[in-house]
Amino acid sequence: MSSVVPLHPAPTAETSAPRPRQLAAQYREVRARTIALIGGLSAEDCQLQSMTEASPVKWHLAHTTWFFETFVLEPAQRGYRAVNAKYRVLFNSYYVGVGPRHPRGDRGLLSRPSLEEVLTYRRKIDTRMVDGLLQGGWSDEILDRVQYGLEHECQHQELILTDIKHHFWCNPLRPAYKAVSVNLNLGEHPSALEFVAYEGGTAEIGHEADGFVLDHERPRHRVWLEPFEMASRPVTNAEYAAFIADGGYRKAQFWLADGWDLREKENWRAPLYWLAEDSDAPRAFTLTGIVDLDMEAPVCHLSYYEADAYARWAGARLPTEAEWEHVAGQDCAVVADDANLLERGLLNPGPGKGEGRIRQMFGDVWEWTGSAYLPYPGYKPPPGTLGEYNAKFMVNQMVLRGGSCVTPRSQARATYRNFFAPHSRWQFSGIRLARSLSTRTRETSGAA
Amino acid sequence: MSSVVPLHPAPTAETSAPRPRQLAAQYREVRARTIALIGGLSAEDCQLQSMTEASPVKWHLAHTTWFFETFVLEPAQRGYRAVNAKYRVLFNSYYVGVGPRHPRGDRGLLSRPSLEEVLTYRRKIDTRMVDGLLQGGWSDEILDRVQYGLEHECQHQELILTDIKHHFWCNPLRPAYKAVSVNLNLGEHPSALEFVAYEGGTAEIGHEADGFVLDHERPRHRVWLEPFEMASRPVTNAEYAAFIADGGYRKAQFWLADGWDLREKENWRAPLYWLAEDSDAPRAFTLTGIVDLDMEAPVCHLSYYEADAYARWAGARLPTEAEWEHVAGQDCAVVADDANLLERGLLNPGPGKGEGRIRQMFGDVWEWTGSAYLPYPGYKPPPGTLGEYNAKFMVNQMVLRGGSCVTPRSQARATYRNFFAPHSRWQFSGIRLARSLSTRTRETSGAA
Amino acid sequence: MSSVVPLHPAPTAETSAPRPRQLAAQYREVRARTIALIGGLSAEDCQLQSMTEASPVKWHLAHTTWFFETFVLEPAQRGYRAVNAKYRVLFNSYYVGVGPRHPRGDRGLLSRPSLEEVLTYRRKIDTRMVDGLLQGGWSDEILDRVQYGLEHECQHQELILTDIKHHFWCNPLRPAYKAVSVNLNLGEHPSALEFVAYEGGTAEIGHEADGFVLDHERPRHRVWLEPFEMASRPVTNAEYAAFIADGGYRKAQFWLADGWDLREKENWRAPLYWLAEDSDAPRAFTLTGIVDLDMEAPVCHLSYYEADAYARWAGARLPTEAEWEHVAGQDCAVVADDANLLERGLLNPGPGKGEGRIRQMFGDVWEWTGSAYLPYPGYKPPPGTLGEYNAKFMVNQMVLRGGSCVTPRSQARATYRNFFAPHSRWQFSGIRLARSLSTRTRETSGAA
Amino acid sequence: MSSVVPLHPAPTAETSAPRPRQLAAQYREVRARTIALIGGLSAEDCQLQSMTEASPVKWHLAHTTWFFETFVLEPAQRGYRAVNAKYRVLFNSYYVGVGPRHPRGDRGLLSRPSLEEVLTYRRKIDTRMVDGLLQGGWSDEILDRVQYGLEHECQHQELILTDIKHHFWCNPLRPAYKAVSVNLNLGEHPSALEFVAYEGGTAEIGHEADGFVLDHERPRHRVWLEPFEMASRPVTNAEYAAFIADGGYRKAQFWLADGWDLREKENWRAPLYWLAEDSDAPRAFTLTGIVDLDMEAPVCHLSYYEADAYARWAGARLPTEAEWEHVAGQDCAVVADDANLLERGLLNPGPGKGEGRIRQMFGDVWEWTGSAYLPYPGYKPPPGTLGEYNAKFMVNQMVLRGGSCVTPRSQARATYRNFFAPHSRWQFSGIRLARSLSTRTRETSGAA
């Protein structure tokens, strides 16, 4: 481990056009993709809110627009007049610095503005944004915020899909988001799960100073890693079914105490969305309707508690985020073209393919790490209200890495840190195993 | 009190047409009025559910239709094929005998079926119902159920309005159900509040055996009344504002213990929907938008606890339902043509007018009585699943009488028993005062 | 039913001694009995509080003493100095007029004052009370309050026993309050359950003006009764076991909606304290330890919901409180000497004995009525702070009648009104059935 | 930072006696100290349970005894007969492997066994333990468990004091645990708060393999530290009062989102136990009664949220546990004789004294770190049921370091990891600030 392979760079348009022009093109593309996502949804669908954590699609559409209006247009344009002053409150997520907020759990109670009005709001802001970019004159700080806003919109694209999945799940009719299912299973069996060893020593994680990334990916810094090994691929539905069949949900010794209690209270017996947990051929609710589970696809919709319990049962553990990022940087330096990310449109995790000793790091399922979501050494939140973004959530959350089948490609980078509370199950969250190597720490450490 | 004036009869079509024809006409009329109520609402509006007790408008539209399909068409037509078998579960309110039910608090999560599909469902059932009625051959029991279903639909018409009022209240934009407000105040001051005395003795309440009414209005039976006096009109906003100004919400001695605790927990300081409780000119949210409160109109949107506390503060009490019905039978035997009921379209209580010593018994606001909702002596629930209707709610509820500004005229009868839990505030519920007369019971009782 | 038999008079010392002397004697006797009740309890036992509704024994001991200090000694003695000023807050139950109160659910957190200090408090107040009474000079109002305080202390004697039963139930060691159990079953089978018919007409209930009773038992007033029949004895454990065996807890058609939901939430499958609900010989936790249930004794520890469901299952209903009191006045005008009340010391309901067509009205188990706890016509709460006593609870409660095996004899009178929320199960609450007679109301009513 | 100073070793009796003899002596001493702690408490005091997290003193006495019986005597002695088989359930804390447990929140409901019985239980087990140790023949694994049990008992000594403090706080009489207060303030002002710089590089934390420590302190392992500086002493009450006076509790920008919401819900305006938060001379409830706060003593009874908010307000952050341990190992390698730990008996934090550039690391207050409680690399829980001990809590908790004024001296070691949920306030938890140094990471790292 004497050298550290450069991490996968955040995607940037590599043309020679000036930055505002590039941003305007990116803006149009990202915003159009959001609209494409709601193609099959009615105004009623877009208003659903099944739980506090999952917002209505309409709210996502408005909030991402509010972001550009509040953090770009307002500060960039002297005397800016809001499209609708009341939207400032209605579509503020949690920026205390911006002012009052509509309660998060009541977002589903907003029949007004209508979906049509929200779409009009989007169009108006889009015009102002593109005009503003193309006219030039915006400062670098403003341009950074545009880029930030696009990253933010990409995050909400994923949430639109995970949230609508949960909303539809609460309807006994179990509507499909997209009617036609795609058979992902090409008849190939996934490769056997293997463990790949990594030496210990110092490594570097976090993003380099140049290029846009989210605040909490910085600064790039050294960490010390003990020797470990990482699983070659995520845990599959078949493997997880074996855990269930072995009584995994009934054996306290594998569970964190908080998880054991929650499992009891919520009556967890299988991953979220499974319909028949104990048959040989379980079925599940998906964005493409109710399907026979592909047993060779990665298991998903697990809480951290379930992921952690599975790992103990399997005689392993979850990787730390440093281990994960180190492996991703070494072995998956470039995200494969056929990675199962949002752009591929499958909307479900698929059985592993591809080459390399470490596979499916990007796409398919987010992978719970054993790391709490905390600031990197030397972390500084951005100044001003935008600085509220990530820092205020740095407690009671665990880090996930790698992106899922509904993550936009631009989020698929080795340094990207996703985070959720350990009880969360409605994201496409799965498991990659790791193990500590027994080599005595102090002897091998000199070799780094 | 030697004779008891006949009560206002339940409305029946007094033509010479055969009953099925009459019912078909009534059916068309009632069902059309329901549709008329949703004229200004979008599909998104119709999906709102702000609290468990208040259902989405779309659900009301479907449930009332389900009622006819389940309790009329299914038993009446051999081999009946449901419009959609899944609606049997989705739109069952609480009839355990019919089978499983979608959870009441999750009715707002049904974006599917869409409003359009529900309206189609209504049209299909309407066709089948009218065809069935006109073809003849339905038994008297089935015809009774049709009439029951129409009464049921009228109840839901009122709920559509009280529920949408609450749903809209939860949107900070405070949308109006109907844009144009009507000024109800004609510059006349309401008459002074007076108390009218009634002798004690036996009286009869409840509905006669003939003609259709709800199960719990029967049987007609004797009760013993002690001498009492009844207020000539409901309590006004101005009078209630004096209670607030006198610290009524801060003086425990006027409150029931449960009410005092709830007031604290919910931070009640004025009736529901008041915006500025302590100004001289309070404003309130209404179905016609935010308005200056008409201080001479009856106060409404009070819980039983508030109504009871006000009455103590005023040195009076709430009437019993027997007293109320006795007075209504004697002094308001006919519901006045200009009573402020749903058909009048004002959608808000208005200042009292009219003649007679007892005014505004019908319409404007439901009047909380001091009677718990319990069966009459000799009460028998209807046989079969329909018998679940009222009997299962006969605990923890108080009776209200008289109908409100959103009650269909057909519900405005002296024997009609409405009931809600004492904490409920989202109905148009107000106060009429009564007082016991000090005449010694036993001496006067012989005079009955 | 042309004449109404005089009700059982409230017990008064019928000597020729002046009232203060009589009261002093009564005071000593009642207070001594309270102390006798705690004979087998440790200081730790007396501090237990298993739920908000059930207070620690130590608190009962202090609160009843506080009552005499606050409502008798303070107003009676100019310049009265409190034993401990802080007790005014600690041991105030709910008299808002007296000032702040220690939260009800936190009574078990008072290790200080110790039991020993509370007993010293009792002794000091006892001395002051008896001295005050014997010195004379107290007004009639003060003497009435002494009598009120004794009634109040008797009520708490019952609560000491029902509460310690629940406290001990929460200890897996299941301690017995009194080690030696008494076999109540003398080998006699209880008489068959029969229904006794009563004509309808006017009747009088409530207490006469003379003699001390609680405020809410007044005024005596007429009621109209329809013809009915009353069960000759309470429902037995054997009869209730048949309801269980028939699936009574799984059949929604017998249950009030609120009860059905609570049954589900609390997982009720049998009365409180039953250990083995479905065996032929169920066992139960009692004040005398775990025993084989006497199947011929009245069933108890039922909520109103269970009592009401049983009655429907049995094709009957619960009596109204007016019916109950009318029957008690007619057929049980004198409480039998061997009634199973507190003084008998059995501490459990026993199988019925005795003669008369209506048996076990007094003692054994409180009998749920179908009447909500509401004021009688013309009811006036006492003036001042004491007036808070009953009136503020007149909502959301049902009336029980007759007294139980832990009720002091002085409470066993036909007019006594007990009341609890319908979900309450920790009192000795059981069932007496009634049925409406089908005779047409209006014809028979003239015969009264 | 090329060399790492050896950490303070865990205390061991350094005599030449054989290990069992040494352990027997330690056992007697530790167990006697527990008994000494309850000197001033009554049986009623020892039964109090004010919240689920804080157990009754009696339960602590029994549970620590149960630990020796279950994990030492049972496995060590063939055919061992329990003192009382039911104690196995009653006093099991959370060892699922041992079997069922009495619910944690119901520990205050155990009036039986009495305190006297629990003390007898202790004496019986003490006899068996000392006899067993002195007779010899116990395996090393058993002896390790004895040592574990003593560490465990020391932990519960601290909990006895923090829990009784909370129990007494809930009594409005505010009893003092120990009547006589000691004035800690010797008139000296604490030294000004300074920051001491530490270079970055690799460091080692965790405990060496030899000698007894808790499982989660192992294995000793390398970490990478960026350059930082550590405050010379904890934050004082005076400094924290300035935060309050500056509106610290009302400024969202300093707070984690979860903390901000909890602050609102719980109405936090000052540390737990402060009586008058906004005066110049605040008073507080302590184990020695209500006192004027020593403004120069470390602030304590803070949640993680408050500690973190204070640090942001002060332009600093909380140290990581690795930083803390590194500093403790370098600068406080030996715990000072006069450190304010349990043995000193002050029971309150005191103003700082002493020498050295880093002071009060051990004793006075636990110091919240910014590190989540997670396993060290290569961590292995002990085999068997005892292995449940720490590993199952490794989520949703933050690490605290250093010990408090109620921590036994044996727990005061640089590697000791305490942990609590971020909302916890009833421990003696305070703040030590740290800051990142701006030196660029990558350049300095080579110097390690």
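All chains are identified by letter, namely A, B, C and D, in their written order; residue positions are counted from 1 within each chain.
We take it that a contact is a pair of C-beta atoms (placed from the backbone, for glycine too) under 8 Å apart; a residue touches a chain by one contact, two chains touch by 3 or more.
Fair warning: this is a prediction, and the values are worked out from it, not measured in the lab.
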- Task: Work out the mean Cα position per chain and let me know which chain is farthest from chain D.
- Result: B
- Whole-Å gap separating chain C and chain D, where each centre is the average of the chain's CA atoms: 50
- Round to the nearest whole Å and give the separation of the Cα centres of chain A and chain D. 37
- Using mean C-alpha positions as chain centres, tell me how far chain B is from chain D in Å, no decimals. 61
- In chain D, the residues touching two or more other chains are none
- Think of each chain as a node with edges to the chains it touches; is that a line, ring, star, complete or other? ring
- Task: By the touch definition up top, name every chain pair that qualifies.
- Result: A-B, A-D, B-C, C-D
- chain A-touching residues of chain D, taken from the complex the two chains share: 94, 96-97, 202, 204, 219-226, 228, 252-253, 255-260, 304-305, 308, 317, 320, 370-372, 374-375, 377-378, 388, 392-396, 398, 422, 436, 438, 441-442, 445
- Which part of chain A faces chain B closely enough to touch in the complex? 42-45, 47-48, 50, 86, 89-90, 102, 106, 108-115, 167, 170-173, 175
